[in-house]
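Heads up: the structure comes next, in structure tokens.
Just so it is clear, A, B and C label the chains in written order, and each chain counts residues from 1 on its own.
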Amino acid sequence: MSIAEDLLEVNHLKKYFPIKSGLLNRTTGYVKAVDDISIQIRVGETFGLVGESGSGKSTVGRSIVRLIEKTEGEVKFKGINVYDLGPEELRKLRPQMQLIFQDPYSSLNPRVRVGDAIGEALLDHGLATRGEIRDHVEEVLRSCGLSSYHIDRFPHEFSGGQRQRIGIARALILNPDLIIADEPVSALDVSIQAQIINLFRNLQETRGLAYLFISHDLSVVEHLCNRIGVMYLGSMVETSSRDELFQNPLHPYTKALLSAVPIPIPKLKRERIVLKGDIPSPANPPLGCKFHTRCPFAIGRCKEEVPEFRDAGGNHFVACHLA
Amino acid sequence: MKNLLEIEHLSTHFTTEEGTVRAVDNISLRIRSGETVCIVGESGCGKSITALSVMGLIEEPSGKVVEGSIHFGDKDLLKLGKNELRAIRGNEIAMIFQEPMSSLNPVITIGEQIIEPLMVHMNMGKREAQKQAIRLIEQVGISRAEQIARSYPHELSGGMLQRIMIAIAISCNPKLLIADEPTTALDVTIQAQILDMLRKFKQESGMSILLITHDLGVVAEMADYVIVMYSGKIVEEGEVVELFSNPKHPYTRGLLKSKPIINQRQDELYSIPGQVPNPLELESSCYFHDRCDNCMAICRTDEPALKEITIHQKVACWLYEEGALHVHS
Amino acid sequence: MSSMSEISTGKVPKRTPLKSSIWKQSMHRLFKDKLAVTGLIVVIIMFIACFIGPIFSPYSANKIHMNIMNHPPNMRHWLGTDGLGRDVLTRVLQAGRISLTVGLASMILSVFIGTLLGAIAGYFRGIIDQIIMRAADLLLTIPSLPLLFIFGALLSEWKVPTDYRMYIVMVMLSLIGWPSLARMVRGQMLSLREREFMQAATVLGLSSRRKLFHHLLPNIVPLLIVIATLNIGGSILTESVLSFFGLGVMPPTATWGNMIDAANNMLDFQNRPWLWIPPGFSIFVTVIAINIFGDGLRDVLDPKKKR
């Protein structure tokens, strides 16, 4: 039974958003935002989910915590099927599975003091009494690199980096086992990004957290993650351990992504795969392999046959006819 | 090579409820023809305001260019009247922005929006301008040009729109293209396409580019000459290879070290402690002093001047001032 | 752990130590808006004059003096006397009490009903939302003035005692006032629900009660204050119109509306302007002042109307 060691198990998750049009508001099609995604995350592990805009990576994160209701598939957290839970049971489970948002500005209520924003969930879940809360909040603020005198301030008094720390503290105080981080550093400046990345890492070491780290930035993902999955138009195209993925990428899309990341070394000669065209609309994805319209190596078979997501050896999964 | 653009002692200030923000504080820079100059820095460092000042797009009365000159060829842009400036803007100097969607009119077709500047600045007839517009759309790597010309901005993706913006920008063969974070809102694979295209146009037409970005990777790929800004001031500038291989200012060094690089894994990223100072509370000091690993007594009290330390590099840091160096060691 | 101490040097900017809350900031900005402050001062003066003024008046508002009928303004009666020999100034101030009370009370009532129903509809959605909003739509489709006229006529028909009429008018005004308010509150709730900080609240597993009272409602309060303020002006106007037609608060209880009724009489209109100009002017000044103040509040509190 692998369930015992997997903290989170996502099996064949699908999320289709209906497209409605016309006078009668009839469903005329579906945006297949997430189309058959499977992920396993073990205790203390970091799984990186990489993809460009429209790849559905954020939808995966939100479907796991049921901010969005799935269309099909199952999400198991500690062996519990998250979608079998009633509203109150789900609410009780939530502290163990937290989400950190991309935008540190919009994810904090402007009218709630920082101390309250961090402590209120403890109160609601009965995890601490009113008298104990301040101590808990101070402790978690400290471990997130803020000080106790920040407690009575309002979010607008903080910079972006500090707000993201507040967001992390708010999740952390519940002592979660899994944190889903949805592009947590992409709204931040470079020098602040490094601070937050280090914070994520240190917290993992001291608290044994598992992360699902969603990002478009391969260099950040490489720095933090043990296993990495690459998504394209709602489907997983490649999953493998970090070292394997960066040294031996098998899918042409992964290769192109890797070669497209600008590297801060001037006049560096490297082979670059520049992809043609735009990402197709997820409402109308190409038939066959979804990547074939932009793939520099596409052959006839790619246009007709959906490639199987298979193990290419050593737990390195890829969905490509050519790999 | 001749200087195409020469900014001398430019200062742009903004008045807010809480006080005056010196968004751009006495900066000088020059761009030679055919050169790509990158201004790099974090949000609020004044890089975009510099670009807007050049374009005469600072909105009064809240913002104002209070000092300096901006020479483009033999004209001082700050002394030109509205009409003279308009004749240069979009014609000899073109600009593209981070959000292409907000710079295009949502109710006018793409084609019309490309045709307009052609008719105004290039004195083309409608028929001729239409043909040229199709050619331009093809030039920026969009197939089905005629269909695209008839569509409206909301029907296109961000990458497509940025291409259209570039098509509009290059339509009048500008001598200088100012690009303010042109790829920040785009995906990496699209960013790669756009950067490739900008490089290609630059080679073909010999135009200069002033590229404003926060991404050191983009800088390394595009720049000939790099300017690093912090809190409204230039802290370091230099020829690109020199600056990246031998950064002098502690801020530049910190920035380069704190960016994770693919296939160069570190256990712990270097991170610059603290945060950018409040622009309203800047006092006479090196503005970076409270985040600096090498902070000395003088850094807290006196502002270092931008000085040439090699032919290729200038830096504003007390570490490289002769008198101060002894204090440090 | 060395990086931890290195991180913690983050400081809060020094510039905002005192005016920390959004409220204080908003008020600070409001007091910079000279027009709004003028409006507020006028409203306050009006309230003080109407509620305290009559105490210092040597005259009674309702006592009839047949010997001093229709005197023009003079040293003893600054605004003259009316057809029954009552001091007009005293009556205008007394009337102001009623008009302002009716305006204020019906505002409070309609804001209460509107917010409650709007919040319920917006938060719970589904069938409750449908029922509440269709009821609101129904009320909004009926022209309110004719409806009030019918009500007023019915009240007269049923011979409702004049003392009670004032309260009934308040209830009538709030019954026609709540639907538009409920709509606005509901709309605000729906858009707040989609905000990321509400999603964050869901992920934290906060209870419905906390989400509603600690997160949603505090974000609606600024909008409510603005609407409520502007609403007072509207209520005063509507009450005046009703009373003018003799369908609202009835004489001898004076309101600004039934005092202007004097203008209905051609003789009074042409020859005794001191009978109808003071109440008319009071309505005009009060409503304008309230609206100017409300606009100023909106500029400060409603983030969508940022300059």
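Operating definition for what follows: a contact is a pair of C-beta atoms (placed from the backbone, for glycine too) under 8 Å apart; a residue touches a chain by one contact, two chains touch by 3 or more.
Because the structure is a prediction, the values reported are computed rather than measured.
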Original post:
If you count the C-beta pairs in contact for each pair of chains, which pair comes out on top?
Top reply: A-B
**OP:** If we define chain centres by averaging CA atoms, which chain lands farthest from subunit C? Would you check?
**Re:** B
Original post:
How many angstrom lie between the CA centroids of subunit A and subunit C, rounded to a whole number?
Top reply: 49
Subject >> Separation of mean Cα positions, subunit B and subunit A [Å, integer] >> reply: 32
Original post:
Any idea how many Å lie between the Cα centroids of subunit B and subunit C?
Top reply: 52
**OP:** Please list all residues of subunit A that touch 2 or more other chains.
**Re:** 159, 161-162, 195, 198
Subject >> Residues of subunit C engaged with two or more neighbouring chains >> reply: 3, 7, 10, 13
Original post:
Got the subunit B residues that touch at least 2 other chains?
Top reply: 268, 271, 273, 275
Original post:
Inside the complex, what are the residues of subunit A that reach subunit C?
Top reply: 65, 67, 90-95, 98-99, 101, 103, 106-112, 116, 120-121, 124-125, 142-143, 145-147, 149-150, 152-154, 156-159, 161-162, 165, 167, 170-171, 174, 195, 198-199, 202
**OP:** Using the touch rule from the top, collect the residues of subunit C that touch subunit A in their complex.
**Re:** 1, 3-4, 7-8, 10, 12-13, 16, 20-22, 195-197, 199-207, 210, 214-215, 218-219
Subject >> Contacting residues of subunit B [partner subunit A, same complex] >> reply: 42-43, 157-160, 187-193, 195-196, 214-221, 223, 240-241, 244, 254-256, 258-263, 265-266, 268-273, 275-276
Original post:
Where on subunit A does subunit B make contact in their complex?
Top reply: 52-53, 159, 161-162, 189-195, 197-198, 201, 216, 218-220, 222-223, 246, 256-268, 272, 274-275, 278-279, 294
